[in-house]
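You will see subunit A twice below: alongside subunit B first, and alongside subunit C after that.
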Partner chain A sequence: MKRALWSFAIAAGFAAAPLAVQAQDKVIRVGVVMPISGPASYFGVMGKEGIDLALDQLKAGVNGYRLQVQYEDSACSPLQATNTVKRLLDQFKPHIVIGEECSDATLAIAPILEQAKVVQLNAGSVTMKLTESGYKYVFRIFPNAEQQSNPLAAVAYNTLKARTAVILYEKTNAGNDNADGFEKPFVAMGGKVLARIDFGRDVNDFTAIATRIASLGKIDVLPTFGLEGQQVRLSQALAQARIVKGGGGSAVQMGSIWLPYGYDQKAGQSSEGYVRIVQFDPTEKRKVVQDFIAAFRAKYGADKVPTHINAHAFDAILLVAEAVRRGATDSESIRDRFSKMKDVEVTTGKITFDAKGQNSDLSVVHFVETQKDLSWKGMNWR
Partner chain B sequence: MSARTVGFVIAVLVVGALPWLLQAPYWRGILVLCAMNVLLAISLNLVLGYTGQLNLGQSAFFAIGAYVSTILVKTYAWNFWAASLAAVAAAGLLGLALAAFAVRLRGHYLAIASLGFAVITYQVLVNWEKVTEGVRGIYGVLPPVGSMVGLFYLVAGIALAVYVLIDNLVRSPVGDTLRAIREDEVSAASLGINGALWKAFAFGLGAAIAGLAGCFYPGFVGTLVPDAFNIIESFTMMAMVIVGGMGTMIGPVIGAIVLTFLPELLRDFGEFRLMVYGLALTLVVLFMPGGIVQAWRTLAGRQWHT
Partner chain C sequence: MTDLLALVVQQSINGIYLGCLYVMVALGLTLIYGVLNQINFAHADFVTVGAFAAFFTVTRLGTKLLGLPDTAAYLLSMVTALGVGAGLGLAINAAVFAPLRERGDELRPLIATIGVSVLLENFQLWLFGPIPFQFDSPFSRETIRIGRIFFTAQSVLVVAVSAVSIAALYAFMKFTFLGKALRAVAQDRETAGLMGINPNLLIALTIVIASALAGMGGALLGPVLVLTPFAGATVIVKSFAIVIIGGFGNVQGTIIAGLLVGVIEAFTVQYLGSGLIDLVVFVLLLVMLVVRPTGLIAERKEENV
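This part shows the complex of A and B:
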């Protein structure tokens, strides 16, 4: 009897094995390559928050598929990102990779994923090269440098009636492309760029730069492109030098989607009058945005307001789920579903990928101005 | 057959077998990186370990090798090997040029001067955009050989050859001269040794070897940006030499292997990876100040006596 029971158990085990394998197979593997260490680690930390929240909401699975995520630290470095992606491809065999945030690292992994025919979904890099290099497996929901800077130039010239500008930008691929994206249309419209001033990510004191700017004469706008920590110090230095409105000057500091919500509180009074474009706006009334904020607060604390980094990462997972909902089962079909997506609504707007893989729908991108009480005021500028 | 010959044969066999033991492309990539790091550790050990010069600018020579070879190949359509030869010569000559000033300095002063050189080199790479492309970087750099296994054999073969060359050098009277300078430059001078000349020799040769390692980096990663050669890289190289055991030939090789594989093996620790890595390094420095080699010798000695 004992032997018979054992035989039955073994036979049942063998019979159940294919079912177990099949159940395990119904998985979409998502590799996440983000800077969890290094100077841009806040991208990775916030990105993980957004992704974890999205995964909580997709626990039941999509179309019978479970989303399995593996996070890897790429430290914003091309070498680390390259190694990380190779490791993911070897060991995790992802159907899609989300990342990186820093443009240099993003550009380093793009050809590797292209060769492996694995989709790369980017939600944080602005460099033009990413979607201008002919990659077939690259998709980006984040507005590229031109999409961010061209509206800034148009608003500066047409709405704010600015005729002179000083462009301040970090010396990176992203900063360069943003600076170019502002300068070309602004100059073409008749504006004059008095100076282009770049700075490394290691610069902490912007007093010298602010002093130089103060000597350049009347400046109407100061488009600035940099990470939050440096932008806070830059705004404070510009205010101290009485250049920008926040310090009693007349120049309007302008910025891009780079800055997370909450920047104004960190920069304090110096950020008054700061004009910038935003893609994710926590004050937006769309249901998807308010639902996201409620879920975010429920998970991470009632006093927390999600940033665009949280939102972009959250949206990236929602997009993968949407592709699976539309029948995607592997990398090739995810690519196919992405390329056909049109007006898919997420917290950062609507997603429609163009032929190059760039999200072309900027309908929710809008301008905000920092008020005296450091709150945002949405501006009806286009 | 001498112990050294046996060791060399074993090393050749291990190098030959490694890509077949680690077949995943990811691990094969790490092997290539490891071979490059071995070259860098050997290069710094010659300067730091054998000549006692606290050089914090080794990342600059690594960068010069990478940029000179890549620019010659991509912009001027040079053959990779000719470009590499020029890159090694450029790194070596710049090493000699720096040595002209560095040989007058010792200890912390030399460390600051060499650190300054690394910072200047980095700034040149960032700002000389017409030549280096600055932060925009150079993309689509191809390796000299098509497969990862081939690249590993190439870099590891060169690392082995360099090891044998430097091993013979430090066992020759030249090695005695360098060690004499390291121990006491004044006493060495009293024996008729021109300290400045030999320190410059070690500096130049170390720089050339770092430049040689740099030639393989862009093809391995596929991109070349200045951030790859920031000052942190110099400290990583120094950690390899110290953890392995400076002033020995095998120590820095072990250090390079450990510090290349350890961060990768710790990836399963997620965000705690760097904490574990830092803790491991601290423990090594605290409890094995002479590095892994000295600790091994101490343990082996105790075993022998008990």
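This part shows the complex of A and C:
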């Protein structure tokens, strides 16, 4: 009996210990839901690099609070993301969830977090539906589809004098929204979309697509929305078919912030003349950017250049810390502080959330063109 | 050449190239099914392992250690991938499949292929990480142009290697003692055993050949795929469809179905839209299952392999 009582006491002690720690240690629990497996897992890996770096810099805590992060793999899949978030809510009880990267998975978890009244901070999805569905706990620092596609359409029509376009996009909410975001203003300005060509993430060989494009007549621009790996293959196929400048053709391939830094080196000469908008530019002179790059290289290697994925994840943690610095202690107060944020400077620009939770400041978003030596040339286009 | 004719010829070439890539993957699947009556769910991962083996042979062994030119390094990588695939098949058969088969259970080896698949995927994820590798074959950079038709030297290589592999496999099956013994095992394992043939040895040989083909398929597919530990998964579903359309276990049927699917895909992209590729291929699969469930070439089972 005595032994049983001792066992009970020890077990009760162990069970109570975490509660005691939680009660004494002031923490903000941050759930991170990202693809760590599957074809989009490079998002998760790069995201984790950015978050870990930010956490290193916040080791001393913020306003007496420690940021406690738990990573979960959602595999870019709506089903897995849903299950992951439910488990996270049940077991980890986060004050805020950062994620997901892929729009379909992001949309799947938004209503669950909304119902649980937990803030969702998104740093990588473009779908319009995320901030257009009336969610009160959703915030996004990544430019949405319209914010990315509208300037592309304007530059295509006004600056590049393009009158015909073929839109290439992956068959997802993100791809579709970006394609719509380009087509509507481009057509409204007087341009003509000769074809909208979508493709699944399992498409590897783009030669047949390039052949079809070549048969469509004179094309001025090819706005493209897809993951990096597929974009590399697509650019190479377009160059082989002599459609784009990189292959001796005349069409300009255009891309969005989706594409991480380093794409040009992977695609080689076929990327020459590629025009895209970027938000995080490692060549930018702002101190916050150069400090980030220096810290990133110190942690991960002198030859590594951070991508926008690293930067957005880093910024997401900085924003949580900023909310805590401004007095946030739980999900509700984080939401409140986010709503009031204005011109908070981070590596990807300045953050000012609008009434829908979308970052409305695009002051650092700018165009670059890939040069013959595969370097970027900043273009003064708005 | 008229515009339409040039387009038809170009898409046919695109389709044949794509079909040959599918055939290189599907052949191993159908071979294993033909002999073992077993679906190998890990086949995609053998392709991925082959692609990584080829990648590191080109980028590390061939060009850096041996100082070979790009083309020689890539050709060497195909041999390496073939060897790595064969070795992996041999090892996994000895460690996993053979002991399970000895217990006389048909289901366990099938389930084990799923386990092997998950194991290989995650091992590669741990080893190589998820960020895509850029694997460019020197043959991919060479574009051959004949009038308005274009194709890369890589596509010529893929078609040539596929043709040689198919011919070698056919000759092995038809004209060698081991090939005939293998067909005997496919026909009736027990009776073949009574005739002095060692079925286990021939089953191991089948797995080795199929894995070697998958490995070499990986070397050919590497410069086409987005090379990650999950790369093989993007072609395996279509390869399964090809095996079913061709007739499960039927090598000739698989070859025809592979080329057919490749050409159908190319023309679907041209006239219907690339987003409808899967729909068209799987409607074809369902039609085949309903109209001709034995596949394109219905033969007696013993003739399959």
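Throughout what follows, the second predicted complex is superposed on the first by the 357 of 382 C-alpha atoms of A that agree within 3 Å, B and C clash if a C-alpha of one lies under 4 Å from a C-alpha of the other, contacts with A are read in each partner's own complex, and residues count from 1 in each chain.
Note that contacts are C-beta pairs under 8 Å (C-beta built on N, C-alpha and C of every residue); 3 or more make two chains touch, one makes a residue touch a chain.
Everything numeric here is computed off the predicted structure, so don't read it as measured data.
Enquirer: Report the partner of subunit A that touches more of its residues: subunit B or subunit C.
Expert: Comparing touch counts on subunit A for subunit B and subunit C gives C.
Enquirer: Touching A:200, do we find subunit B (first), subunit C (second), both, or neither?
Expert: both
Enquirer: Looking at A:61 after the superposition, I want to know if it touches subunit B, subunit C, both of them or none. Which is it: first, second, both, neither?
Expert: neither
Enquirer: Between subunit B and subunit C, whom does A:37 touch in the aligned arrangement: first, second, both, or neither?
Expert: both
Enquirer: Which of the two partners, first being subunit B and second being subunit C, lies in contact with A:112: first, second, both, or neither?
Expert: first
Enquirer: According to the stated criteria, A:77 is in contact with first (subunit B), second (subunit C), both, or neither; which is it?
Expert: A:77 sits against subunit B, while subunit C stays out of touch.
Enquirer: Where on subunit A do the contacts with subunit B and the contacts with subunit C coincide?
Expert: Subunit A residues touching both partners: 36-37, 171, 200.
Enquirer: Spell out the part of subunit C that touches subunit A in their complex, as residue ranges.
Expert: 3, 7, 10-11, 14-15, 17-18, 21, 122, 125, 129-132, 134, 136, 140-141, 143, 150-152, 155, 221, 224-228, 230, 233-235, 237-238, 265-266, 269-270, 273-275, 277-278
Enquirer: For a test of understanding, state which residues of subunit A touch subunit B in their complex under the given definition.
Expert: Residue list for subunit A touching subunit B: 36-37, 71-73, 77-79, 82-83, 86-87, 89-91, 104, 107-108, 111-112, 129, 171-173, 175-176, 200.
Enquirer: In their complex, what parts of subunit B are in touch with subunit A?
Expert: 24-27, 29-30, 33, 126, 134-137, 139-140, 221-223, 225, 227-228, 264, 267, 270-271, 273-274
Enquirer: Using the touch rule from the top, collect the residues of subunit A that touch subunit C in their complex.
Expert: Answer in residue numbers: 36-39, 41-42, 44-46, 171, 197-205, 207-209, 211-212, 215, 227-230, 232-233, 236, 240-242, 265-266, 268.
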